[in-house]
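As C-alpha cells, the structure follows; a few thoughts come after it.
Chain IDs A, B, C, D and E follow the sequence of writing; residue 1 opens each chain.
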Amino acid sequence: MLFAATLAIFITMLLAIIRGIVGPTLYDRILAVNMFGTKTVLLIALLGFVMGRPEFLDIAIVYALINFISVIGVLRYSDTHQFKHSPTLEDPVEKED
Amino acid sequence: MDIIITISSGFFLLVGSFLCFSGGIGLLRFPDFYTRMHAAGVTDTLGAGMILIGLMIISTDLLVFSKLVLVLLLTLLIGPTTSHVLAKAAYHNGLMPKTLNNHEKNNAKETSSSNP
Amino acid sequence: MVIVAFAIIRMKDLFAVVMLLGIYGLISASFFIVMDAVDVAFTEAAVGAGISTLLMLVVIAMTGRKEKANRHKPFSALFIVLVTGGLLIYGTLDMPHIGAVDAPIHKHVAPRYINDSMAEIGVPNIVTSVLASYRAFDTFGEVVVIFTAGIGVLTLLSVARRKESEEEISSINDSMHEQHLVIRIVAKMLIPFIFLFALYVQFHGDFGPGGGFQAGVIFAAATILYAMLFGLSTARKVINQTFIQLIAAIGVLLYGSVGIVSLMSGGNFFDYNVLASDPIAGQHLGILLIEWGVGCTVASVMIIIFFNFAGRQELHQQKERVQNQEPS
Amino acid sequence: MIAHLPILQVIIPLMAAPICLMLKRTQLVWLFSIIASGLAFAVSILLLQQVMASGVISYELGGWQAPWGIEYRIDKLNAFLLLIISGISTVVLFAAQTSLEKEIPKDKHIFFYVLYLLSLTGMLGIVATGDAFNVFVFLEISSLSAYALIGMGNKRQALWASYQYLIMGTIGATFILIGIGLMYQMTGTLNMHDLSQRLPEVEQSRTVLAAFAFVIVGVCLKLAMFPLHLWLPNAYTYAPSIVTAFFAATATKVAVYLLIRFTFSVFGFSFSFTHIPLQTIFMALGLVGIFVASTSAIYQNNVKQLFAYSSIAQIGYMIVGFSLSTVTGLTATLLHMFNHALMKGAIFLALAAVIYRVGNVELNNLRGLGRQMPLTMAAIVIGGLSLIGVPLTVGFVSKWYLLMALIEQGWWPIAVLILLGSMLAVIYVWRIVEVAYFKEPLNKNSTIKEAPMSFLIPIWVLVIANIYFGIDTRLSVGVAEAAAQSLFGVAL
Amino acid sequence: MLMDLFNHWVVITLMMSGLYIVIAQGNLIKKIVGLAVFQTSVFIFYISMAKVEGGTAPILADGITQYSNPLPHVLILTAIVVGIATTALGLSLVVRIKEAYGSIEEDEIQQQDNQALSESNLEKEA
C-alpha cells in the first residue's frame, strides 16, 4: 500500500518537473517548484515508513519550511522592476496559444 | 483490530495519492495560469492531509505520531498561504487571467480571420 | 535528475535556471535519503535548495534576467568535457558495485566507527560521532572555511550605511505592511516555531539527523524570512552588523578553545577524553561544545551573507528609483 | 609544549584571525598579526631542528590512531616548506601597513589582515597535514581567502581576475576531491601513509589510474603549470601588491609540494614514473612553459605582469627538475622553491614600494627611478640578477644543481635549453634596468622620494638573504638534499 | 552487472553537464550554477559509494546490524559547506563585476578589458 502511494507521488513530481521546464510564464515555474516541494515532503514521510526509520520526519519538517521560505523569497524578489514588464512581455505569448 | 487499521490507512493513502495525482495532471492540462493554480493549490493541501492521516494511523510510537501531527499542521498552514501569495503576486504584476471574453475575442479573431 | 541538468543547459532565462537549480537541489536531497545519508540530505535540503536559491535570486534581481546569445565556443568545451567524461568512465570499470558489502571501504576503516563508536563515544548517531570526535579537525577546517567566506563577502559587498532616520523606517514598514498583509501574520506565527525547531535540531544532533550546521542554517533561514517580510532596516535594528561579526568570531574561537583546553590538560589537540572525569562524559561535553560553536558560526555567517546581498540590492533599488525620477 | 609543535604551527595563525576581527584599531591588528606570523615562523624553525634531529614526527589529532583519526606527519620535506611559507609571510607583513594605505579603503584593513592570516593558515595546513581529505579542506581555506584578497584590488580588472581564478581554482579543487574519492574507494583509508601502503596492491586497477590522473590535473591547475596557467598573470597583476608578494612567493610552492607529496609519497615512486610516461610529459610541458612564459614576459608593459609571467617560467624550471625523478633533480626543485620564494618576495616587495611612491608600475613611468629611488631599484636589479642565475646569488645555486642533474642524466641538449631560457630572463631584466637607469625622468621636477623605511627593511632582509644563501648553501642545500633522499629512500 | 554501475554513469553525465555549463556558457551566473551542479554530482558519487545493500542510515538502533558507511557522509557534509562558501563568494564577485563593468557577459567584459589595454598603449605611443 505504501509503495503504491510513493509511486503516485513520484509520478506527480515528474509532472511538476515537466510543468517547471515547459511553463511559459514565470509564475508557472514558481508554482511547479512549490508543488514539487510539497510532494517531496510527502515522499520523505512515506519513505520513512517504507524504510522503517521514522527519523526522516525531521527532514520532512525542514523541507516544508525551506520550501515556504524559498517561495516567499522568490516572490519577494520577483516584483522588482525588471520583472514588472517581463510577465506582460510573456503575456502575448499566453494569449496566442 | 489491526485489519481495520490497515484497511482504513490503505483507504486514506489511496484517496490521498489519487488526489495528488489528479493535481499533477491538472497542473499540466489546464490552459491558464490561474486554473493551474487552483488545481495545484487544492490538491496540495487536501491530498497531503489525507496521506498524512493515513500514515498517522499506522504509526507505531508516540514520537512518530507527534511529528506527523506537526507536519500535518505545517502543511495545512503553509499550503494555502503560499498559493495566496503566489496568486496575489501574479495578479499584482499584471498577469491577466484568461476570462471568457478573452476566449470570445480570440474566437472572434479566428472566425474573422478565417471567413473573409 | 539528468533531465533537469540538461534543461539548465538549454534554458536561456536565468530565472528559470535558478528555479531548476532549486528543484535539482531537492531531487539530490531526496536521492541522499534513498541512499541512507540522512544528515547529508538534511544539510543539502537546507543549503542547496534553500539558501543558494535565495542568494541567486537576490543577485538576479540586481543583474537582470535575460542571458545573451550563446558563445561560439561550444566545440572546444565539448571536447574537454568528453575527454574528462571518458577518463571517468574508464575509471569506473573496476569500481566495486553499488552496495557491494565486500567493497574495500567497508572493510578497512569504517567497521571500527560502526562497531565501537558507541563504546568509545556513546553517541547513537555515528555520523555526528565521526564528525565531531574522530575527525574533529576536518570540521574545524570547515568552520574556518565558512568564516572565510563570510569575511570575503563582507570585504566585497559591505557598504557604509547612512543612518536612516526613524520615520523613514516606519514609512517603509507601513508600505511593506499593506503589501504583504497575510504573509506577515502567518510569518509572525511561524518564525518563533522555526527558531525553536533550529534549537531542537542543534541539540538533537547526537540521536537523530541534525547538528551544528543544519541548526545554523535553519536559524539563519528564519532571520532571512523575517528580514524579507519586515524590511531589511528593521531586521538590521534587531541584529546589527558588528554584533553578528562578533558571534561568528566567537563561534570559531569556542571551537578552537575546546581543542586548546584538551591540549593544556595533557591530551592531543582534539582529545575530549581528558576534558571530564571519565572519557564518555568528556566526549559528550566536547561534542556538545563543538556543535554549539559550529551552530553560532554558521548561523551568523549566513545572516552576514544575506544582509550584505540584500543591502547591496536595496542600494541598487534606490539608485534606480533616483534614475527614474530624474529623467521623467 | 614541544610535543604539540605540529598542531601549534597551524593553530596560532588560525586562532589569531578571529581575534583580529574583534580588535578594533588597525594598528593593533597589524601588530597582532605580525606576532602571530612570527610565532608561526619560530615554531617552524623549532620543527625543522626537531625533524633534522629525530626524523619523522607523527601527531595524532584527538588521540585516535592514524587511519581512524587525522594525523599530522612532519618529515624533512614539509618542515622545509613550513619554514619558507611562515618566513616569507612574516617579512611581507612588515611592509603591509604602509602599502595598504594607498591601495585599500580604510574600513577594509581589518578584513585584509584576517583574510591574510586565514590564507597563511590554509597554506600551513596543507603542508603540515598527513590526511588526504584534510588537504582538500585547507586548500579551500587558502584559495577562498585568496579569491577575496585578490578581489580587494582597487582596479576593476581585479574583480574579473579574481572571478576567473575562482572558477579555475574550484574546478581544480573538485578534481582533487574526485581523485581522493576514487583513491578512498579502492583502499578504504584517507591517511596518506596508510594509502601509500595499501595502494600497491590495487595498483593495476583502472580506478587508481583515473584517481592519479585527476589528482595530478587538479594540482597542476592550482600550480599554474604551462597549459593551465591562464589565471595567474591577471590575478597577480591586479591584486594589491602585498598580496602579490605573499602569493608569488608561497602559493605555487604549496602546489608543487602537493605534486611531489602525491607522486612520491602516496602513489609511490615506481607507480608514478614507470606506469605513465609522466617523465616525458612533464619535461616537455616544463620546457615549453619556460619559453612561452619568458617570451610573453618580454612584451609586457606592466612590470608586475612581467614578473608574474616570469614566475610561470620559474615554475617551469621546478617542473623540469621534478620530471628528472632523480635525487639531484628533486634537490634542484626543492632548492629552486626556496630560492624562488626569496627572489620573488624581494622583487614584488620592491614593486610594492614603487607603487606606493609612483602610483603604478607601467614601464615608462619608471624612467630615471634609478636615481630617485636608488635602494628599491637596486633591490629589483639584484632580484633580477638572481632570477637569471648570476653567480654569488641564490638563483645561481638552483640553476647549477638543475644543470648538474641534467648532465648526470646525460641529457645535455636540455641543459642547453635551460641556459637559453635564462638568456630570455636577461632580456626582460635588462629592459627594466635600461628604463630605470639610462632614461631621463619624464617631468624634470618630479619629487619622488625614496621608499619609506617600513618598506626598505623587509626588502633588504630578503635581498641579503638572497646573497647569503647564494654563498653559504649549508642550510638550503643540506635540507633539500636530505628531503630528496628521504623521499627516494623510504616512502614517507 | 550493468545495473550496478549505472548509478556511476548517471553521476558522470551530471558531472559532465556541470563542467560543460561552466566552460561553454558565457553568462557569469550560469557558470556558478554549472559549478554548483558539478559539485552536487561529486557529492552523489561519494554517497552512492557509501551505500551498503540492505544497510540502513548510520544511526545506532538496537536490532539493526547492517549500517551503510558513515565516513563519506562526514566528508560530504564538509564538501557541501565548502560548495556554498564558494557560491556565496562567486555571487558577491558577480555583483561587484556588474557594478564595475555594467554587464555580466564574459565576452563583453573581455572586450572592455582589451579596449582599456589598447587605449593605454595608444596614449603611450602618443
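One rule holds in what follows: a residue touches a chain if its C-beta (ideal position, glycine included) is under 8 Å from a C-beta of that chain, and two chains touch if they have at least 3 such contacts.
Just so it is clear, the structure is predicted and the values come from calculations on it, not from any experiment.
For the interfaces C-D and C-E, the C-beta contact count is higher for C-E. Chain centroids computed from C-alpha atoms place E closest to the centre of all protein C-alpha atoms shown.
Computed from the mean C-alpha positions, the centre of chain B lies at a distance of 34 Å from the centre of chain E. Rounded to whole angstrom, the centroid-to-centroid distance between chain A and chain D, based on C-alpha atoms, equals 48 Å. Separation between the centroids of chain C and chain E, computed from CA atoms only, is 15 Å.
Averaging C-alpha coordinates per chain places the centre of chain B 30 Å away from that of chain C. Annotation for chain E: residues touching 2 or more other chains are 19, 49, 56-57, 59, 61, 71-72, 75, 78, 82, 85-86, 89, 93-94, 96. In chain B, the residues that touch at least two other chains are 78, 81, 85. In chain A, the residues that touch at least two other chains are 30, 32, 53, 55, 58, 61, 65, 67-68, 72, 78, 83. Residue ranges of chain A in contact with chain C, taken from their complex: 17, 20-21, 23, 26, 29-30, 32-33, 36-37, 40, 43-44, 47, 53, 55-56, 58-59, 61-63, 65-70, 72-74, 76-78, 80-83, 86. Within the complex, the chain C residues that touch chain E are 1-2, 5-6, 8-9, 14, 17-18, 21, 24-25, 28, 31-32, 35-40, 43-44, 47-48, 51-52, 55-56, 59-60, 62-64, 67-68, 70-71, 73-74, 76-78, 80-82, 84-85, 88-89, 92-93, 95, 97-101, 103, 105-106, 109-110, 113-114, 117-118, 124-127, 130-131, 135, 138-139, 141-142, 145-146, 148-149, 152-153, 156-157, 207-209, 213, 298, 305, 308-309, 312. Interface residues of chain C facing chain D in the complex, by the touch rule stated above, are 87-88, 90-96, 103-110, 112-113, 133-138, 141-142, 144-145, 147-149, 151-152, 154-156, 158, 160, 245-246, 248-250, 252-253, 256, 259-260, 263, 267-273. Chain contact summary for the complex, chain C toward chain A: residues 3-4, 7, 11, 15-16, 19-20, 22-23, 26, 29-30, 33-34, 38, 41-42, 45-46, 49-50, 53-54, 57-58, 60-61, 64-65, 183, 187, 190, 194, 197, 201, 204, 208-210, 214, 218, 221, 224-225, 228-229, 313, 317, 320.
Put simply, chain E touches chain C in their complex at residues 1, 4-5, 7-10, 12-21, 23-27, 29-30, 32-34, 36-37, 40, 43-44, 47-61, 66-78, 80-82, 84-89, 91-96, 98, 104-108.
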